[in-house]
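Should a chain be cited, it is by its letter among A, B and C, assigned in written order, with residues numbered from 1 in that chain.
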């Protein structure tokens, strides 16, 4: 099933509209090309809707949000969702500033996202709301371990139910869930944290996978998360003693370029809860 | 002749002003350094003219155009042209949104470009105009092949005559033409399409080549297109089985760094029509 | 001592706020991760102060300054300085346009910088002031050599005294000085000049080193400059015949990833004047 998700990206070559940060945008474009999709970046409010209209999916990443691009994010997201095109939100740094948190909430209110992908801290910020007393949601630990996995899964499913989106929460164990089922994913390598933008790249990849598999949002998002993790492992196996995070970055994108459905099926390590 | 164009870049080290997109800007800067030129990026309207004044050439790329940078593009382009410095236009995505198409036309109207470099679809959009009935120009096919080459060449020459610019139309066969002569170039590798920004890099490279050879715009632009294609071939020959598009990107820039006039002369494959 | 500066970065993992240019921002983020720090990029005026508040250091680089980001630079810099957090200025292109020069001066006036890092031309522009008659400061040559080193050191020390900042002036011999002492550093490789953004990366690295060693600004900045130079040498030793500036870029960041205090101590070449 996960392999099929990947193969459908290579077959349909979806064009993905990215309003994303300028730190990791080049890697996002190259990973989209590596997986068989095509990127377009357009963040002016005057063309955001048009570009989302002609694309198969839209990826909104608030990593370097600003007053000029926030209106474009809202317009692109609303237009894509109105057309039934999948929209992914990457709430980079939600919780780190009022602007980021408020913008993420505004996007959640106004745009019907297909997938929300972030780290534990970002997802917790969005799930727990502004100014709400800390309820059960707040009890999820910052680090997902085998011990607290059931609670973390319940937390992610609850947020998925509330938003109607698939939630992809990245961590030591990645959790990708809709309201009913959760993929708990064990792929990846800790050294991925020493590269800027593996999360941003994963969000772009997720947009491509979901755009190519609109009837299977959960499986498509899980496949993207597994693909990134598997490629983090493949790329790590390729490191020579002098290679560091810069070469590792290239090798991960290279691995996505070569990844096929059969390898993804074989190397994906997950359980469904 | 093409080799001389390259050597003149290494001799004169032209400083190139780039108002370009934030997706591929780093690769544009590194390819300019690789070929022996120097990059400067400055997109604020308050310094655009001054920076173009002190540079030998200006490269305008609308890949992530916005309301803030469009006025800077116009000012920089007009100032450079007024001083007789070559200006290159890369109309990224012209035809994909009204903003891109309208901006490209406004730039064409107000700036006297030395070279316009784009893919077939972008060049067709510019050549056929907005709201015009489709005339003979529109008959050029989206894919240039040996069969339709004469028509494509006629189309490119006609657009060159109309604009007074050298036109560099990238495709399976690249066509670089002024009103009289066309270089039909067979270098390159299809895998170059799996890297973001090989077109943007080529436009930056073209600006450097034309700035270093102002009396030979056509040959300089053709040399830049051949250089990029030859380096795509050299870099492809260097790929190991695990290398994908990310490593390929680095290898192409590396190849530009090492390319000399003699190799360019020997490996360039073209005919003049 | 220099090795200890490096080890303190790995121990304290400082979060560094960067308002920097979009040309080299990805490399700045990856080099910060490589050295053991964490990057955050945030250039909207509405969050600049908040982000600088939660970071251990702030790095301001005017490489692609614009009307939107200049106010954010001022706010972030003032807030960080008010909290006693180190702030680094990289006055990219000061002297090349009035906007750059005026912005650099305004930043100098309003922000209490811990370190100012630039090339000889940029530092001279800042030291000699706008509209001042050329005094003794102006006599520093554009290229620092063994012959003019005493004058250059005196020039840098004088500017350090005047600003209260540590000055790191990059060149054939790097000079890092406060008002009293100057590290004259002989590490590095000329090929580093063929990569875009080694200076920007060094400024980011310097912010991390100073943030992790607030009581030793001079030694921390000198350690960062030595580290960059040593890694330029290590990476150069790793180049294969087909590698050019793009691979070299990756290898330098890789080398920073692997650099330890012992290697830095052993390979740093400097004298104190």
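What we mean here is this: a contact is a pair of C-beta atoms (placed from the backbone, for glycine too) under 8 Å apart; a residue touches a chain by one contact, two chains touch by 3 or more.
The shown structure was predicted, so the numbers you read here are calculated from the model rather than taken from an experiment.
Fitting chain A to chain B on Cα positions gives a rotation angle of 120°, stated in steps of 5. Chain A and chain C touch with mostly distinct residues; of the residue numbers seen at this interface, under half occur in both copies. Centre to centre, using the average C-alpha position, chain A and chain C are separated by 34 Å. Multi-chain contact residues of chain A (touching two or more other chains) are listed as 22, 26, 68, 249-250. Partner chain B is touched in their complex by these residues of chain A: 22, 25-26, 29-30, 33-34, 39-47, 50-51, 54, 68, 234, 238, 249-258. The part of chain A that touches chain C in the complex is made up of residues 21-24, 26-27, 63-68, 93, 96-100, 194-197, 242-247, 249-250.
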